[in-house]
Amino acid sequence: MSCGMICVHGVSKAFGGVRAVDDAALCVERGEFVALLGPSGCGKTTLLRLIAGFERPDRGEIRVCERTVAAPDAWVPPEARWVGMVFQDYALFPHLSVAENVGFGVARKRRAQAVGEALSLVGLDGYGARYPHELSGGQQQRVALARSLAPRPELVLLDEPWSNIDPLLRGTMRDELAEILRAADVTVMLVTHDREEAFSLADRVALMLDGRVVQAAPPEELYRLPSTRWAAEFVGAGNFLRGRVAGGAVETTLGTFALSAPASAGEVDVLIRPEQLQLLPDDGGRATVIGREFRGHDVFYRVQAGDAVLVSQRPSTEQVALGARVSVRPHVESVCAFA
Amino acid sequence: QAASQVGTGGVAAHGTTLTVYSGRDERFVKPILDQFTQRTGIRLQVRYGDSAALAATLIEEGSRSPADVFIAQDAGALGAVAGRGRLAVLPQRTLQRVAPRFRAPGKRWVGVSGRARVVAYNTESLRAVELPSSIWGYTHPRWKGKIGLPPTNASFQAFVSAMRMRVGNDRTRDWLLALKANDVKFFPNNSGVLQAIARREVEVGFVNHYYLYQLKESTPSAPVANHFLTGPDPGALINVAGAGVVSSSKRKAASVRLIDFLLGKDAQRFFSRSPGRAEYPLAAGVRPRTGLPALSRIEGARVNLGALGVRLPSTLQLLNEVGYTR
Amino acid sequence: MSRPAARGRASLLLTAPALLTAGAVLLPLAYLVVRSATAGRDAWGVLDAATGRLVLDTLLLVAIVVAVAAAVGVPLAWLVTRTDLPGRRVWAVAFALPLVIPSYVAALALLGALGPRGFLQEILGRAFGVERLPEIYGLPGSVLALTLSTYPYVYLLVAAALRDLDPALEEAARGLGRGGWHVFRSVTLPALRPSIAAGGLLVGLYVLSDFGVVSLMQYPALTRAIYLSYNALFDRDPAVVLGLVLVALTALVLVAESRFRRSARYHRTTASSARRAARVELGRWRWPAVGACSALLAVFLLLPVSVLVYWTWQAVPLGRPIDVAWRAAFNSALAAALAAAVAVAAALPVVYLAHHRPAWWTRLLERACFTANALPGIVVALSLVFFGARYGGVAYQTLALLVFAYVVRFLPQALAASGAALQTVNPRYEEAARGLGRGPLTTLALVTAPLVRSGLLAGAALVFLSALKELPATLLLRPIGFDTLATEIWQATAFADFSAAAPSALLLIAVSAPYVYLLVGRHGRLGGPSAG
Amino acid sequence: MSCGMICVHGVSKAFGGVRAVDDAALCVERGEFVALLGPSGCGKTTLLRLIAGFERPDRGEIRVCERTVAAPDAWVPPEARWVGMVFQDYALFPHLSVAENVGFGVARKRRAQAVGEALSLVGLDGYGARYPHELSGGQQQRVALARSLAPRPELVLLDEPWSNIDPLLRGTMRDELAEILRAADVTVMLVTHDREEAFSLADRVALMLDGRVVQAAPPEELYRLPSTRWAAEFVGAGNFLRGRVAGGAVETTLGTFALSAPASAGEVDVLIRPEQLQLLPDDGGRATVIGREFRGHDVFYRVQAGDAVLVSQRPSTEQVALGARVSVRPHVESVCAFA
């Protein structure tokens, strides 16, 4: 099998008893932007470290740029892989200034310029002379990002590069960065815990669980057609209504919906996202608002409908008071069902 | 360094350079060695060190040794090197300048100067007449805790070897044990003993006679004097510092010239009479420093010094047994 | 989060020098083996009950001195690096200095001062008619003298570690309501384990190999026996056998060290880069601390020095010129500096492999480099004579060989120092460098070495100071006429002419002081990346 | 002045030339949950470190539990302040196991139990025997959190305690934690970069900029009535329409709105949040969709309306195609205006 930029094939890595990565498989095309999502401890960092060459796989094969870099009989050391990586814990060189850190991987003649560009990209021009311990957490993280990009690698692995940066700066940085990377046709693998970020940036989102890549798909597909119930919950809050499949449709307490994918007849759980449930103030309504959480641009409601508790998320323009009686109106064409 | 390659063959040509390993202290031989260079134009490179260590070095170096001449503190070291065939046979001419008693039976080294074993004592706490005339006397309780000696020192060990040759192993052991019972104090070397006497840490000590003169040189006021043991007493012993030519030397002629020079008048005088030095001259009819008993009076063991070295291991064994060196 | 760096095949560029180094350091051992092979079987007769007792006595001495040295060195290191002790910098240097006093000089000085009829006794005698002081010969004197000349090993290494320690940990501990002492015990001390172990190791090895003190203080140690049978020129085989016994003991000490160092990981697990540790304010302990420091310094430095000064001054009335051996001083400094540089350079690959390419053979390599260290100088010297004369060619008895000898003798000090430091380095840094396209060697030079800077400097300091006072190898291997301060002192003391020995000894201390300052005292901001 | 739990009064702290915290003032009531929001490098960590006692203020006074802990003439060391803190960089003890780390600050007799509780709170039961370097980034962070809570402090300072933890776990952890803390009436200061988090958890949100606390208010107030334009932008995306104040109202291209706060007549910028702009497909519409970003439960649009570019955020149930002509309908009662 062959695929563009990264090809991880049946790779496993265990630490002592812990199977950090377990028979994982993933292919990334040249120039593609892939986001890696998964619960803490599922093996994301380890996977990146395997690709970058900081860990040797116990089993399986890894290819980068069509070249086998790790296999039972082959090994290419990190420095020969030309992979830029941002470590989850930055790993800035404490004895080097910010500029020296960023310039570390750059050939001398290009250095000055590359450092300048990289620093301004992460909004730290003028910090070049500082030492890492003189920076805030977020600033350190940005330096780490700059350092990994300065040498213009073809492939960059970003392990939560923005976890400590405020959303505003993050937004701008992220967009600039994405632009630059796409322009330079750089392949990116991004570990993030921010779903919105993953969804808005990535061409594809790879979902990891217990060391395996369980689903890799474009954002909307992943959100609408998660392959498992776990995936459905992980990529976003959801209501799971009991329902029974009959023909191509499924009947629930909130009505009958078409199935987005054929399902065998019988009892199923139907996924309805909170934003798909509109709440209409209605004294005759069968549901009551029992929880209300303000989230800025929208509000998160918990409603008691019969014995089920439903969650609904609506723009903060449609306000409903706590304790109000409401009727719940689903906005759905088709739903996906899980046995 | 690297004196080992070039060899000027037999002739002691003007401008030759000899490499000397000297177990004797720089201050003791340098002036005379310089004189030699002036006279003969033969330059000398001297490695100073501890006799035993240098002897061991010569043995380890084997035939690749850069050394031409070995000057040693005591017969033991010379004997050891000779015993490994690392010293060349000296010309009869040279050997004959020294009494047979002070040269190697195997003709491979000659004594250059002699030292007598003495009992040094603190002149403030003792008068000469109070001192026993024989070493046997020091086992008397009167000397309990007042005696010092250097059990690990080559000269002392030679002295014990000599004693064993004369009075036998058992009596020597008894004597050593008696001293131990008498709470004898141990010191690392002769000077240590003298210092201790000067400090009255002990009152008497068994040492070589000439250390006193160095002590006086540095601290004239030191209240220490030598008491010579004469006659047949086993305490009486003349040990020698000597020299030999390294067998792998490429400059034997020049080397022999050096040794002859050391046996010459000037050298002998220098060793025996120059300030701070009082060794016994062994050649060229130079007379010992005034105040020293004549060599003939200290005929001591008449033991063969070359043979002493051979007994050293067994002597060490004995010293270990009686707990002097452990 | 830190895990071992990728266990890539250790690059040849690292392995080759490491193997070379190990080979060199093991020469003395090889020599012993060669010799023991030719040794008569009765040579093994020395392995009798008496030797057994000797071994026990030796171990006892080692144990006590190591304990005392640690007890002295660790608190001192902490005081000068982490507190607001007045005059820290001065103390920092002063406490390292006793290292340069050759142990036999130290012993002589101590005897002169505390021995029967020493100064102290004279003074007390005049004042209170004290006739005898407690016995100094034997164990007490040996422990005192050896502690004096070895505690700096612990002190220097621990100080270095303290400088590199991540303050975030101590902060976290205090944030959890733990007071200074508890924090020190439960957070700082464990982090110091590697350096304490390393220091203790060096102390132990030194005690095993020392001859000067035990002979002067008349303590029945193994080395003494070895020297004696070395002087028994006709049959040195027993010495060889005893040498092997010593090596065995060394192995013992090495095991003890690894046990103590435990397997736990010490390198920072956090992302935090070096921040400067906040100084502990001694408050009302300030002056007591100063008092304690002064007292220790009085015994460890002032006492020997003043004895030396006294001896020097004795010479004056004799109108003898106090000739200052400038030439020798220069030679000493030159040779020692070279040795320090080479030793550290040679040590780095070895420790690097051992700690960052963990594998049975890399660890073995590192351990092996210590085994020969406990051998008395004379054995090392003769082994190098043996090999030098045979295979040294023109290099034999040149400065090059002398430096080589120093490296062979003192490499373990560089090893221990840099090793202790290296363990605290987060491998993540090296990975980052590799990821940025730098090979192992470049990484070692640009990232690892600077990170363990204070460890390396400490190592350099140790080697330098030890080389300054090295005697047996110097005597046999120096270029002819290449006098050093150590040889000058030896010459003088050989004839108990202390008034002549003293100036050189003082000069020795004087010469090394600035270097020590350069190496350990200069950290204006103790800790922090741009330290010094 | 006196105030319940924390009282920071005119506190400044500079590092070399950098004024990390600059005349900051903030009061926190006992049992209150305050979130600290601010751009990277604005001084949040430093402020926390000042309160915890790891830095000494250059100027100003800090009081904790009615007790002056830092002032020109007073100083209480960290260990005597009983403040639990989670460090941005965890600072776990590398030589101690997870359990030993968590139990570090707890009296021996309570230890076993406290450790167990804390670990299960962060979803790490069974990890007690591991060492920090055997944990993933997020797991380490959770251990740090557990460690700070185990001793049951009255006041906890959390510096981005879950920046590296996936949203699902984070959500549950967060809610449990919030419950526990409220129950125990613990006072909490939380540094976070996740606005939604800040909004949904905090009783009050304190906004920091350049070392100053510029606004401290309940979430909804902060979101609707930001005191400055910067604040407005920082707490959420927004459209700023030119408009002119006339009487109590303001006229804009999108219509005339009431003012939520009186403003002096003249040109102003009016804040309209993206979710307040609904897009209605309408071929006669004056606006065109020029950008569309899927964000899971809702979609982010960029629309060209005349020469202005507006942003709109709508539940993903109201889909509008890229390039479609739309008319923009604001849902606003009152707006706030900035000169």
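Structural remarks
Should a chain be cited, it is by its letter among A, B, C and D, assigned in written order, with residues numbered from 1 in that chain.
One rule holds in what follows: a residue touches a chain if its C-beta (ideal position, glycine included) is under 8 Å from a C-beta of that chain, and two chains touch if they have at least 3 such contacts.
All values derive from a computational prediction rather than experimental measurement.
Across B-C and C-D, the chain pair carrying more C-beta contacts is B-C. Note: centroid distance chain A to chain D, computed from Cα atoms, is 21 Å.
Centre-to-centre, using mean CA coordinates, chain B is 36 Å away from chain C.
Here the CA centre of chain B is 90 Å from the CA centre of chain D. Averaging C-alpha coordinates per chain places the centre of chain C 54 Å away from that of chain D. Multi-chain contact residues of chain C, defined as those touching 2 or more other chains: 1, 3, 270-272.
Along chain B, no residue makes contact with two or more other chains.
Across the assembly, chain D contributes residues 89, 134-137 that each touch 2 or more other chains.
Pairwise chain contacts in this structure: A-C, A-D, B-C, C-D.
Every residue of chain C that touches chain A in the complex is listed here, in rising order: 1, 3, 5-9, 270-276, 426, 428-429, 431-440, 446-447, 450-451, 453, 528-530. Within the complex formed with chain D, the residues of chain C that make contact are 1-3, 166, 168-169, 171-180, 183, 186-187, 190-191, 193, 264-272, 278. Chain D meets chain C in the complex at residues 52-54, 77-80, 82-85, 87, 89-96, 104-105, 131-137, 140, 147-148, 151.
Taken in their complex, chain D has these residues touching chain A: 15-16, 18, 37-41, 45, 88-89, 134-139, 142, 159-160, 163-170, 193-196, 199-200, 219-220, 223, 233-237, 273-276, 278, 293-298, 300, 313-318, 331-332.
Put simply, chain C touches chain B in their complex at residues 50, 53-54, 115-118, 215-216, 218, 220, 224-225, 227-236, 314-315, 318, 320, 378, 381-382, 385-386, 389-390, 394, 396-398, 472, 475-476, 479-481, 487, 491, 493-500.
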